[in-house]
Every structure is written in C-alpha cells, then in structure tokens.
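Below you'll find a set of structures to go through.
After this come two complexes, each holding chain A, first together with chain B and then together with chain C.
Up next, the complex of A and B:
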C-alpha cells in the first residue's frame, strides 16, 4: 500500500462518476473529499455506492475506501476487464440504469475482454440518461470515434417508480484508442427520428405523443419518423409509464436528441409537444454535438493519439459543467483544452482544440 | 465602473484559473458580474428597505442550494414550454433551418 502513488484530491460531489472514470482510464488514484458534509443525508448516496460496486465489477484490482461518514472516497483504479456481468441498480434510489450506464461508455471500449453487462432497474427518468437517449444519442458518438458496433438492447422496460427493466450493453470489439477528431463544420440535419414508448398503459398514448410532436416539427419540413413501441406483460416492468425520445440526424452521423417521460399530471400531448420543442432548442444550442454528448466527445478526444483534435462547439455549451469537466481533465490527464472563437462567420461558435494524450488500451494487442 | 463595462473577458484564459469558481467564470465571461455590480451599487443607494432585501437574499440562497443538488445532471435545463413556444415561431424556425437543416427540396414529408 505504501508504494502506491499519492491520490489526486478533489472536493465535493460534483462529477463524482466522471472523476472515477477519468481515474480508471488514467490509472491515477483519486481522493474525493467533502462529499455533501452539510447535507441532511451526509456523504455518498445509494446510487453512488452502487456505482462504486459496479466499477469494482468491471475492473480488476481496484481498491475503494469509503470514509466512515461517507464524505470521502479514496479510489485506486484497477484494470478494465469487462466480461459478462449483471448489475442490479440500487433499488433504494430513483436513479435509472442510464445513470450507471453512461459512465461505462467511456471505459467499455478499452476493456480486456468484450464488455457485456446487463443492468436492471428503471429505464428512464426526467433528469438522467434514458436508455433511448444512450442508444440513439451516445452510441453514435462512440462510433464516430472509431468504436465498432456498440449496442444497447432493451430486454425489459421499467418505468419509474418501481422499475423492473433490464438492458444489455455490449461492446464486442475493444479499441486501442479513439480516433482523432476533426469536426469543425456544423452538421446539417436531414431527418428527425424517435421512439415513443409506453408500459402498462393504453397503446393509444404513444400515438398521442407522436401526433403532438409531429405538429410541432411539421413547419421545419424535414422527414419525421417516430416509432411506436408498446410494451405489455412481463417485459413491461412494474409501473405504468410513457416517454418520448427524439433524435435529429445528420447524414454525417452526428445527431442531437431530446427526451422526457410522463410525470405526475402530464398527458401524452404535453410530452410530445415538450420534447419536440426541446429538440429544436437543443439543435439551436448545439455545435457538432449536443450538450449531453459533449463530455463523452471531449474525453475521447483527450484519449486520442498525440495529434491535434478539433471540435466545433456552440457558445451556449460553455457553462459551469463544461469548466468543471475541463478542470478535472487537466488535473487527471494534465492536458488543457483550448477554446478559440470561430472568426470566419458570425455564429459566435468556438473550436475546442486538444492534443491527445496518446492513451493506449493496455489490453489491446498492437 | 463605466470603464469596467468595456472589459471583455477571454474565456480560454479563465477556464483553468482555479481561484475563480466555474460559475464566476461564466458570469464574468457573459459580463453578468458587471450587471450585478451595478445592481448592488443601485441597491446600496436605496438603503431603507432592508427587510425586503433580506428576504430576497434568503430566497436567493435557497435557490443556490437547489442548484447544488443538481450535480451530474444529464438532461440539460430547458426553458418552460410556454417560453419555447414563444421563442420558436415561424421566423425563428426559418433562421434555425438555414443553419442546421438541409435544403427543404431534399426532404420527404412525413406521411400524415
């Protein structure tokens, strides 16, 4: 233990999962302190503890030490092994499987064996990534960086609050490192696709969502194709629910998405209209990638070979969360991402420029 | 203060200044801090309505703590549906189309 390097220190619960992921990728230990010391429920939450268990499942040799009060975590990363795993997500938390799955997208391509994991729990929520958002919005980002055929199969849908869903995330072939990205042109959207789903409610609900979304999107004049996905019986989880995910697709493979699920007092028309408008809003605030896709794209760029990668970002994407991310990347990988305003048009966009750290998957044969 | 209005912060230089909180970086970049300074100076001159101001501060602090609870939120914040409806009218949608969408000629309409 004494030979181990001194951990890098972070404060607060912000970026909890991402810091652990960056630590895993870099092999550098971290210590997170002052995790909600003044909160009513001091320290790490159930979902964070469950995420730590998940990390130890998909890695080998990790050492995790949670302080007695739960306000500090010391994490010595292990080797990403992947393999076939099952993870029941914390039932005491309202976090969906997407909360656990999203960080895995950063590490799954760099595992020793194929990465095949089944996650059980709620499959969509109002705040965290839904499985459709990951499948339609984040897996294409992985593919743009050269990760071959990542897939996410929904075996059972589980609406909140009781869940009962199950998804299977699979990255069959491991990668040596992500491709260097040069994406400085705004992608042009050629179609809007989506999935409207429901569990344990009348199938007419999905059609009501689809009609409402189409009414909003019609003036844009692009092809709109929304699939109705009705779940019944055992595979429909334990709670009634419905939701909509819309994706604006470009021919170059970039896409933007918006999603929501029906909450208390909301009717299907509300969700259809809301998600359609939110997609339009998201498109207006997007660069090459949308706001929820940016961190994955930037981390992959950092992991790329020692070459300069460029990604166009919208000024609306420069927010507090991005700065936290960039600072965490610098602390762990020692590399800075530069932002330079685009000067050949009046868009106000920026080009994020980063020199890759030449991360090499230690498990991949050259 | 008039001179300070002319400041234009370079975001790329402020990104990694650890002595400035990320929220303050954004504020400075968007020059919101200057507006706040101006607000503060104008409220200082209106001494007398202390009780109301205290209430305002109280609710402001409460809001901050709510923001803190949104750590690691995946889905970004959007304006309300009414604001979005108002924002995305025919004209604004046309502007968006020219920047983000392929020519309408190439598009097949969805079957109604």
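Up next, the complex of A and C:
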C-alpha cells in the first residue's frame, strides 16, 4: 500500500463518473473529497455507489475506499478486464442505465476480454442519456475513432419510475488505442432518422410524436425517417412511457442527436415538436460533434497516439462543462487542449488541437 | 400612497411570488390569500354589482323558455355577465383548458417494416439501411452462372478421377480404334469406366454408408507382399528426399505417403494405409489404492502386493544386516 503513488485530489461531486473513468484509463489513483458536505443527503448518492460497484465489476484489482460520511472517495484503479457481466443498477435512485453506460463507452474498447455487459434498470429519463441516444449518438463517435462494431441491444424497455428494463452493451473487438482524429470540416446532414418508442401505452402515441416531429422537420428538405417502436407485454417494463430520439446523420459518419421522453402531463405532440426543435438547435450549436458527444471525442483524442489531433468545435460548445472536463483532463493526463480560431471563414469556430498521450491498451498484444 | 409604501408593497409582492414559485399558492396550502381578497374588494365596482343584478334578471327570463333554447340563452347572458369582470377575476374562474390536436395522418399504428425492425434489433450504431442492392444483383441466377457451376462440378469430378484415368490412359485396346468415332462425352470406357463408376458409388455411399471402404479380396500373403513393397518404395522416396535436402510434408499417422504413380489396383488392394492402431486405454476401474486383480478365477493377490501391505520386514533390515 505504501508504495502506491499519492492520489490526485479533486473536490466536489461534479464530474464524478468522468474523473473515475479518467483515473481508470490513466492508471493514476484519485481522491475525491467534499462530496456534497452541506447537502441534506450528505455524501455520495446511491447511483454513485452503484457506479463504483460497476467499476469494480469490470476492472480487476481496483481498490475503492469510501469515507465514513461518504463525502470522500479514494479510488485506486485496476486493469480493465471486461468480460461478460450483469449489473443491476441502483433501484433506489431514479438514474437510468444511460447514467452507467455513458462512462463505460470510454473504457470498453480498452478491456482485456471482449466487453459485454447487461445493465438492468430504467432505460430512459429526462436528464441522462437514453439508450437510443447512446446507441445512435455516441456509438458512431466510437466508430469514428476506430473501434469496430460496438452495439447496444435493448432486451427490455423500462420506463421511469419503475423501470424493469435491460440493455446489453457489447464491444467485441478491443482496440490498442484510438485513431488520431483530423476533423476540420463541419459535416453536412444527409438524413434525419429517429426512433419513437412507447411502452404500455396506446401505439397511436408514437404516431402522434412522429407526425409532430415531421411537421417541424419538413421544411428542412432532407429525408426524415422515424421508426415506430412499440413495446408490449413482458419486455415493455413495469411503467408506461414514451419517448423520441432524433438523429441527424451525415455521410461521413458524424451524428447529432436530440431526445426526450414523455413526463407527467406531457402530450406526445409537444414531445415530438420539442425534440425536433432541439435537434435543429443542436445542429446549429455543434461543430463536428454535438455538445453531448464532445467529451467522449476529446477524451479519445487525448488517449490517441503522440500526434496532433484536430477537431473543429463551435463557439457555443465552450461552456462550463467543457472547462470542467478540460481541467480534469489536465489534472489527470497533464495535457492541454489548444483552441485556435478558424481562419478560413468567419464562422467563429475553433479548431481544438490536442497532442495524444500515447495511451496503449495494456491488455492488447502489439 | 407614498413612494416608500409603494416600494414596500412591490417588494412584498416579489417575495410572495417567489414564495409561491417554490411552495405553490397560499390557497392551495389551505390559507386565505389576503392580497387577492383586497384586490377583488377594491375592484368590485358599481358596474359589477349591476351586472350581478342583470344576471339574476337574465336567469329569470331564461326560465320562460324551453329547455334547449334556454340553455343557449343562459350562455349568452353568462357571456355578457363576464364582460363586467376585469381580467383578474376572470382568471380565478376554473375553466377547462382546451387543447386541440390535429389528427395524425395515419390514425392507426402501422408496424415498422421488416427491414426497420431488423435495424432496430441489430443494436448497431446506425439506423441507415445498408446498401444491399449490389449483393442482390449478384444473387440473381444468370445462365452463365449455371454453366459455370456445371463446369465446376465437372472439373471437380475430373480431378477426383484423374488418377484412375491416368492409370488407364496408356492401355490401348483394339476396341479404341473402332470406338474412335464414339462419343467420349459419356465418360471413360473399359476398365477405367469400371473404376470410375466404383469410385463414384463409393463417394456417394460414403455420406452415410459404412465408412470403411472394403478392400478387394485377395490372398493374405500377396497383400502383405504388396504392402511391404509399397512401404519400401515410400522409404526410398523419403530417403531420396532427405538426401536431396527436401523437406516433405507431414503424413497423417497410419497413412501411406502419396508418392505418385500408384496404380488404381494397388489402391483398391492395400488401401490408404495401415490404419492407426491406437492404444486405447482400457477402463480398468477406479484408480484407487486397491489390492488384487479380479479375474474369472477369483481375486488374485500378487506377492508384491502382500509385501507392500506388510511393509519392509524387520528381519531383512539393512541396519540389522550391517550389525
């Protein structure tokens, strides 16, 4: 224990999952202190505890110490083993499987065995990424970075609040390291696709969502193809619910997405319209990747080989979250991202250039 | 109202709004909302009182009409009565919220197509259908394809039977001359035909017939001699290769090396090889410490076993002998 390196110290509950993920990737231990010390519910939440459990499930040799009050966590990372696992997400919290799944995307390609995990719980929520959003929005980013055929199967849907869903995330082939990215052109949208789903409610609801979304997207003039996905019976989970995910696809493989689910008292028409407008807004505020995809792309770029990677980002994307992300990356990986204004046009966009840290999957033979 | 007072009231109002935003309105919580009371009191003007009177009179009038008509009339009077209130008081009236939906273009739910369902189930990162037209055109059966297939099959058969044909190629018979004009498409003639037919039958029957092909019947000593000479040939071949520094391919255990020039008849008489005589371990029961061997004559216990159980005899001790 004494020969272990001193952990890097972070404060606050922000970016909890990402810090742990970056620590796992870099192999550097971290200590997170002052997790909600003044909150009514002091310390780490149920979902965070469950996430720690999940991390120890997919890694080998990880050492986690949670302080007595729960306000501090010391994490010594192990090696990412992957394999076939099942993780029941915390039933006491309302966080969906997307909350757990999103960080796994960062580490899944660099595991020892193939990464195949089944997550059980709620499959959709208002705040966190839905299953479809991860599948159609984030998996393409992984593919762009050279990870072959990641897939996410929905075995059962589980709408909030009772859940009862199950998803299977599978990355068959491990990668040595992500490719160096040179994306300096804003992709052109070629089609808008989407999935409108409903569980335990009338199937006409999906049609109403689709119609409303189509009405908004019609003037754009690209192909709009929204699939209706109606779930019945056992696999539809324990609660009724519906939702819509829209994805703007480009020919080069970059995607932008927007999603929402029906909450209490909301009508499908509103959801359809709202998501369609959100998608348009997302496209307007996106560079090469959308706002919610940026952190995954940047982390992969940091992991890349010792070469300069370039990614065009929009001015609007530089917000609080990005700054927090970059600070965490700097603390753990010691690398900085250099933003340079584009001089080709007056769009005000930036090119984020970053030198990779030459991360190599320790489990993969050269 | 002085400025200070107005400012104070304004601040109070802001505070109230903040409170209501967080906890809901006072009335919902079961308290009286004094601000509203004072509002309505102050706003209640003579005009409104008049309208109340009107309302009463209107309802009286309505009483004279028939049921359906009176209903309409009442509505009208109510509307006219509402005009008397100002905006604030109207908002207090609980009114049904009217939401209109345009009918969906397709009223009934249509199942996604098979392709769409496949894409949904696939779990892949894109819902875009794969361009599969190219492969589809390939699958179409063109006349050339069937011809090619036919040729492939014939070539396959020819390769299989080439050793038979090569064996009998040089054997000319008188019949060949007369049969020169015969159609050779129908296959080989003479002995070659017998052998090819046999090999074809064997091939077909090998699918679910008895796997071991029976060798041609012949005297045992002759067969032994054939095998011996064949092994000699193989040894010579291998020796030559070794001398020449040629590395030969490995041969399956128990099979003859294919050295070429083997006649069809040899193949039929001595087969592919001697067969690998595996040393199959017989099941001798559990491998636990046990004594004796069970034979049909009963349990047989050997001397060594007796000694093993008894242990080294004390008399025959080395130490004792040295003394």
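Keep this in mind: the second predicted complex is superposed on the first by the 366 of 366 C-alpha atoms of A that agree within 3 Å, B and C clash if a C-alpha of one lies under 4 Å from a C-alpha of the other, contacts with A are read in each partner's own complex, and residues count from 1 in each chain.
Following the convention adopted for this analysis, a residue touches a chain if its C-beta (ideal position, glycine included) is under 8 Å from a C-beta of that chain, and two chains touch if they have at least 3 such contacts.
Because the structure is a prediction, the values reported are computed rather than measured.
Asker: Superposed on chain A, are chain B and chain C clashing or fitting side by side?
Answerer: Taken together on chain A, chain C would fit alongside chain B, as the superposition shows.
Asker: When the two structures are overlaid on chain A, which partner does A:176 contact: first (chain B), second (chain C), both, or neither?
Answerer: Neither partner.
Asker: Between chain B (first) and chain C (second), which does A:225 come into contact with in this model arrangement: first, second, both, or neither?
Answerer: Both partners, chain B and chain C.
Asker: Answer with first, second, both or neither: which of chain B and chain C does A:184 touch in the superposed model?
Answerer: neither
Asker: Of the two partner chains, chain B (first) and chain C (second), which one does A:277 touch, if any: first, second, both, or neither?
Answerer: First partner only.
Asker: How wide is the angle at chain A between chain B and chain C, using CA centres, rounded to the nearest 10°?
Answerer: An angle of 150 degrees, rounded.
Asker: With the two structures laid over each other on chain A, which partner does A:74 touch: chain B (first), chain C (second), both, or neither?
Answerer: Once the two structures are laid over each other on A, A:74 reaches no partner at all.
Asker: Is it chain B or chain C that touches the larger share of residues in chain A?
Answerer: After superposing on chain A, more of chain A is contacted by B.
Asker: With the two complexes overlaid on chain A, what is the closest approach of chain B to chain C, counting only CA atoms, in Å?
Answerer: 5
Asker: Report, in rising order, the residues of chain A that make contact with chain B in one complex and with chain C in the other.
Answerer: The answer is residues 225 of chain A.
Asker: Give every residue of chain C touching chain A within the complex, in rising order.
Answerer: Interface residues on chain C, with respect to chain A: 99, 101-102, 104-112, 116, 119-128.
Asker: Which residues of chain A touch chain B in their complex?
Answerer: On the chain A side, the touching residues are 12-18, 98-99, 102, 126-129, 133, 186-190, 214, 218-225, 248, 251, 259-260, 270, 273-274, 277-278, 280-284, 286, 291-292, 318-321, 323-324, 326-327, 330, 336-340, 347, 350.
Asker: Within their complex, state which residues of chain A touch chain C.
Answerer: Listed in rising order, the residues are 135-136, 139-140, 142-143, 149-154, 168, 170, 191, 193-195, 203-204, 206-208, 211, 225, 227-230, 247, 249, 255, 267, 269.
Asker: Once bound in the complex, which stretches of chain B touch chain A?
Answerer: 11-12, 15-16, 18, 22-23, 25-26, 29, 70-76, 78-79, 81, 84-85, 87-88, 90, 93, 96-97, 99-102, 104, 106-110, 112
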